[in-house]
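Note that subunit A is present in both complexes that follow, paired respectively with subunit B and with subunit C.
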Partner chain A sequence: MKAPDGSLDLLNWTAGIPGKSNTLWDNATYPLTIIFPEEYPAKPPKVKFPAGFYHPNVYPSGTVCLSILNEEQDWRPAISLKQILLGVQELLNTPNPDSPAQEPAWRLYTKDRVAYEKKIREQTKRYANPDK
Partner chain B sequence: MSASEFEYDSEEEYASSVSLDELEALSLTDSVHYTHKNRQTATGLSMHRMRYKPVEADEIEGQLKAHIRDVDGILQIGEDDCAVLMLKYEWNEQKLLEDFTTKEPGNLRRECGLATDTKVVSGLVETAGPEFMCAICCSEGPVETFGLSWCDHRYCVDCYVRYVRGGQTGLVKCPDTGCRLYVRPRELAQLSAFDEQRALQKEEKERQEQRQNLGGPLTSEQIMAKYQKIASESSDEEDAEPANDDESADDALFNFHERHIRQQRLEKQELRNKVLLSRYWYAVVLQYTKKHARTFRNCPAVDCECFIEYRGFDSDVISSVEEYVAHKYIPIVQCANGHRFCFACMSEDHAPATCAVVRKWIQTCADETETSHWITANTKDCPKCSSPIEKNGGCNHMTCGECHYQFCWICLGDWSRHKNNFVCTSFDDEEAKKEREKQETSRVSLKKYLFYFDLFEIHRVSLKKDTEFLAKLEYKVQEIQQRAKVSWIEAHFYRESIDTLLKCRITLMWSYALMFYLESSKEKGMLEKTQSNLSNHVEALSKLFEVTPTENVIKKKETFLTKANALKTSHEKCIEIFMESLVLNRIKFVSDIE
Partner chain C sequence: MNCKFFGALTYTVNLNLHIGELTKTENEQQLNQIRITLLNQVLQLINNGAVLHSGMFVIKKMLSNLSLLFMNSSRTWTNPLLTLINCVVFDQVSNSTIANNQIDKALSSLPFSKIYVLLIFAQILAEELVKKEATNVSNVQTHHLVHEHLFPTVQKLMTSLLNLSPERKLIDTWLDCLVSWVGYASKAEFDSTERYDLIELLSMCISLVTSTDYAISQKAIETLSEALETNPSFFNSQLKADLLSMLFGDVGVQYVRHFSSQQDEKSVADFARLIIAFLDTDLKSLLLKLNDDENAYIFDFLIVLTNYPGTPIEEESVSREFADFWLRFADYCICEDTTLQTLLNDKPGGHQALSERIKALFERVTQIYWNKAHVPEDEEGFSQYKQEFALYRRDVGDLFESVYPLVKLPLIINLLITIERSIQTGKLEDIEPSLYLVTCISKDFGDGEVNHQLVQHLSAILDANLLPIVLQVKTDRFRYLVSTTIQFFSSADWFYKTETGTKYLPQILSFLFDCMTNTNLYQLSSSKAISSICSQCRYSLVEFLPSFETIITEMINNTTIDPVVRQRIINAYASILEGVKDPVVQGENLFKLFDLLDKKSLSVLEGLATANPDERERMVDYLTSLVNSVSAVGRGMQLPDDVDGYYTQDQESKVREYWTTDPLGIHAKLLTIITNFTMTNEVLSENYQIIEEAVNLFKCGLTEPLPGPFVFDCATILQFIVTKFNSLKKSDAYPLLYSLLNSVVTAHYRTMDLEALHGAIDTIFLSKIPVIEDDPDLVQSSFNLFSTMLSTRPSLLLSNEKLLMTLLEFAFRHLGSNERFVLKSLEKFWTRFITLRKGDRQDTVMVKRLFNETELGYVLTFNVLKYMFATQRSNLETFIEIIKQLVAKYPLMMSKWLQEAFPKLNEEREKKIQNWEIFVKKIMLTRGTRSANDLIKDFWLEVNGLINYN
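For the complex of A and B:
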């Protein structure tokens, strides 16, 4: 990401995660910001989708709730960026109902799977890849 | 001390397993303290006392290591593995022993992040060749690396040290994503020793360079580095030097004692942070004391790192702190740095007021702000809606601005009875009388509150002033002592007298808060006498400090000692008398404080 003065800010990254093929999330790229703390890699980076992203393990602010991104849980300094991104991609289609981060998505996911899938499809359309 | 002695699950068990005589003997060798000096009061009544021991982090660390050793005596798997298991089981020895015998050993070890082999390999720090790349910082070999005994995950020493430093507990896993192994104490010791050695070498090298540089002319970079070093050093000094700009010289003197303690603490902290291993053990101690908060309490004084270890009671009647407090006892303890606090509510020394009284008093003081004092003293409440009204002139025909009720300012009765007659004639009216009485009671209770609040405040302010004044004096006396070449022990009486005085002021202060909640009775009159006796002794010593010229302090030692001892005796007696009245329920509280 560019800093206001036009130089590169190496602590703030933008990325896109493609949805896994043959899943609900297929054919779309989900935008992501990765914010590295000064102490990285002693402390994990913060990974964020746009605010309001619809997923049971994404906070209303967009922050991803994932054990490998939590300093108190499974964060290790040897975790590579690739592993993080693969972890987030995996999380998209296999949410963890035991650690909900937002209510609407979590409720539908656990109570009404059909309605949940419909919501996801709507979101996928919003981030759909441009046709080649 | 053996582990079984300090690791007891319930206080009752501990108290009943050892006889009182044994405990008396133990207290001599093991420096166990009591919340009250005497078991029997002057009137021959037997009081229950809480036992405690002021401990410091290093002592707890020693105890924990001994505990691990003892458990390993049973498990026979090596102290390092045992340490990890104990941390994993949060020091629940019984649960660990149970699982150890019932679970399949391989599974248990895997679950707890241990390798199948218990050995700690030596030489874990090794230099890797040019083909090595650290997976954390991507720096390439040849470089010093570190890895655990039983996994292949090696990282450069810098990254490993930084990673371990970031850990908040004693349980630190290998930095590799998939690896479940924990860093064990003796493995960490190798990393720590290497890190320390390297730091020493670096210092030595810098010193050598400096020596060499003295010979030849300095390059501009060296001059710059030197300048920056001096600049940062002098700014450090400014922080430590009492003569700071935003601090008056008086404050600086006052802070002299606190500074001394802080200095010691910082040095200790620095040493701890420097050596990775001692930092690790400190984290273990903190985790342990938090887990055993019923037994270990951290001193609440700012920045104090002392602990108080709870040691049960010298009676079979009381078995927990909660019960003790419910009997209106006040468990005041003193940490190794001399801070006195209540073991139950963790606030500063508040004897003879009980924890419940303190809570209520603080709440009352917060509610009854200056504004509300003024309001009650200068206004009358509307008899209908109770909004406070200040009369700022005009006749006695009042109309409430809130509810528009019309009443007479003099008798607070309905204005309709005063029609066409602006002189209040219905002063004896029943209804009006009731109104006045109601307001009168609230005024009396306020007056009572203000009376005790003033006394409390007077002592609180005196306490603050005394603390400042005496700390300054002490500083001066120390100077004199150094000049006159008197040994510090000769001047020690001064510090002691100061401590006694301050301690008694605190007691006096809280005794007024307590008085506010007590019903008038003969017993209360007796307590008041005790109180004023203590007050007289306090003033006498306080006066002595004031009038004695600093130069004469050491010569007047005898007078100081006499007065301070008289105060001390009076204080002990006062605490005892209050305790008796409270514990034996000889005195009634005005409203139910609980």
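For the complex of A and C:
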């Protein structure tokens, strides 16, 4: 993100995760904010989709629940931003049902895959790429 | 040859298998023998013309084996390259040694084919060294030995070789070898204190750029780029000066001219990459060069390269290489502005002059990229590289955004003027890239950045009929113009926030509605733009409400409209309604909306039963979208979090009165819709999504501080929960109803009618325990509900003895659950039950009596221990928390419960728990503080015979 004077705010980044080709998430770009703590890289950045983002491993606030982003789990200072973004992109189509972060998406993902996929398709339209 | 290769491969496999053993001191002789054997084999191979000609892959494998040996015995074999040079020169494995300073002489006696092998070996060694994974200590030792022994030989070999004026193939390998050694040297410098001097080799590489053989100079350019990108610190100031004069002097110009005339764009792009890698090493110096007219030729050359002719991506990639560079340079100029001010402090007006030059430079750069940002007209060809071009344009957009703080207003104003002129002259193809770039610059404009001039120019474009023109040309050829116009207006909230901008809202919305309704192509983007505008400008759009009526009717009546589009438009409508503070106007509009929705849905609902499966699926989707829209209206109309001051006192009392009396019966209308969707229709009554939306609809009003259209009384919601629960044939949707009841308790725990609540719990829990037990989701949902009661008003639960007793038994049983989420909910339940923080005196007395006067405490302790020792390590936390709370809250009793529980537990266990008495003593000493965590964890490990590796 940039301050009004054009200087870069290095602690708050915005990004877009393109859905992987040939998946339900394709043809859309999902907005993401990456918030770096002062202690980065000793501590991991917080990665957030918009609040209410529909995915089993995304908290209602939009925060992504991913082991490599968890200081007490797999975070290592050597993990690059590229690895994080690729990890989040991978997570979109391969949720981890063992680490639920929101009930609605997790429940549907584990119990009714057809209904889950329908919801994802609807969300994809919401974030569809402009030229599609 | 394949047979030879498999022989070499067999060496590799066995070396890898036995290298650990072989490198032990006692096996040194054996290792030496293997080394001699391998060297002899290599000699045999390179003396065989056929192998040298077509079996280089075999030789490489053998060299790789030698490298593997070296890597594992570098202390005793410090210079494998020199060993091989000796072997090759004397054609035998001998003890004679050629010193480094004799290498040039030795090489002159060898044929190029053998020198080539030596060079390949030098390259393989560097590559294997980079790949080597080792401990820090051994790494540092290896780096030291390589620097002291091996590298001087490599350097001598390479310099001597180039002096022999070798053929192109050898120079190619020489350059590859250099890249490998740059890579290794960089790693060694990072991992150790060794410092490499590559100046001589890099200088030779620079001189290769001037070779008359363009293939060699191409390869040298690639090598230099890689070296600069890998570690620019290998280039000292002299090398940099040489590079500067070469790149921007005659050599560079000739090079570009030559390859441009050959239409070899790739070679020019590689040259651009080298220039960029070089300039990136010292942006400050480049920036200061801008201050001196003598350096104008450098910037002119950069501009010429950036403006390389051709369509980006399809015909040229030079401008793509440069887009990133210019962006970094722009960011550098912005970030280092203060430093520049200080540096130029002694020259009056120096900083100002430099700023003007920066601005002038970027005006030239942006002019080039404006041209390059035109979408190619050749539709068919374009589809081949459309996505790549979109990425290119995104980079160009980022560049404009970065340049904006330097060039400031003129950048965006010029783009707007271009649009205005293009409208006047009919040059429509110039509108799209200009608008695209305006969007990139302005999409994140804050309030401080909106300037009167800017607003005026945008108004002028709209006055010049931009929107009608775009609508007129809504053909395939101008698809991007329509799409970009929509994108622009989707993000131009800075414009709508101004008084002038507000006047254009009707025009813009009509344009967007037109795009949305007349073709499917722009439905998603235009509905998003409408939704965004209505949300941002709700207060300015109240007058626009009547115009919305027609479109809303269309949205509801037209079953083929995409559900996302329908929800967005209804949401947009709700946003404007939320901005209306008069409840009468709100009520009237809502009534119309819900009435229309009710009638339309009824007619579809009637046809559901008789529809064929495909039709039915479409109808269900449509109905889901309708009910989703209703709950979206509820969300859209929620009052702001900080409601104080939102209404005047007079307005607030009007709102209260209106929604309490509800003259149009909107609450009843909503309930009818909910009933029609969730109760009366068999096809829909089990539909998870429909029930979810009904639940969301009720939840919308629960936290509202004032009465409103979506605010229902507790009894109504409880009635819905009970009725719906009774009507469900499957348990899938039970958690939704639990969650709704949970929210009701959270919102209304103070005033809840106990009888009604217990009636509801009777239905959803007590009467369904067998069903609930079978589904961990339901177990979790029920514990969440009861935990909420305990943490808000415990008497909601404690006052019902039958419920409490059943629940406690249920909670004991599920301590044995294998599901982590069930255990987590159980942890919440038990810790809240034990601590009872929100309990009044009566609640506290009751729970204390249960623990002190009944078996509850003992049974709980026994079960917690029993299941804790059987659970997996990751679930341990749940049990630790419960034990800690028991120790803290009931210290005396807990000691007794533990002393009774362990012997009883040992009776049941085959493997007895030892030392439990010491554990009990220690745990009681912790008083339930954090120190208990490690204690319990260690005891759990001991009981389970495990070791703590932390």
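A few notes on this one:
Quick note on the criterion: the second predicted complex is superposed on the first by the 126 of 132 C-alpha atoms of A that agree within 3 Å, B and C clash if a C-alpha of one lies under 4 Å from a C-alpha of the other, contacts with A are read in each partner's own complex, and residues count from 1 in each chain.
Operating definition for what follows: a contact is a pair of C-beta atoms (placed from the backbone, for glycine too) under 8 Å apart; a residue touches a chain by one contact, two chains touch by 3 or more.
Keep in mind it's a predicted model, so treat the numbers as computed, not measured.
Under the clash rule set out above, the superposition-derived model of subunit A with subunit B and subunit C contains a clash between the two partners. Look at A:L108: by the touch rule set out above, it reaches subunit C but stays clear of subunit B.
Within the superposed three-chain model, A:E117 lies out of touch with both subunit B and subunit C [touch as defined at top].
In the superposed model, A:I68 lies in contact with subunit B only, and not with subunit C. Contacts of A:A42 after superposition on the shared chain: subunit B is touched, whereas subunit C is not.
When subunit B and subunit C are set side by side, the one touching more residues of subunit A is C. Of the two partner chains, subunit B is the only one touched by A:R76; subunit C is not. Aligning on the C-alpha atoms of chain A brings subunit C into conflict with subunit B at a single listed stretch, 133-141, out of 43-51, 133-141 or 763-771. Annotation: subunit A has no residue touching subunit B in one complex and subunit C in the other. Residues of subunit C touching subunit A in their complex: 331, 334-335, 390, 401-402, 404-406, 444, 446, 448-449, 480, 483, 486-487, 524-525, 528, 562-564, 621, 688-689, 692, 732, 735, 739, 777, 820-821. For subunit A in complex with subunit C, the touching residues are 1-2, 4-8, 98, 100, 103-104, 107-108, 111-112, 115, 118-119, 122, 125-126, 128, 130-132.
Those residues of subunit B lying in contact with subunit A across their complex are 135-137, 153, 155, 159, 162-163, 165-166, 173-177. Note for the complex: subunit A touches subunit B at residues 39, 41-43, 68, 74, 76-80, 83.
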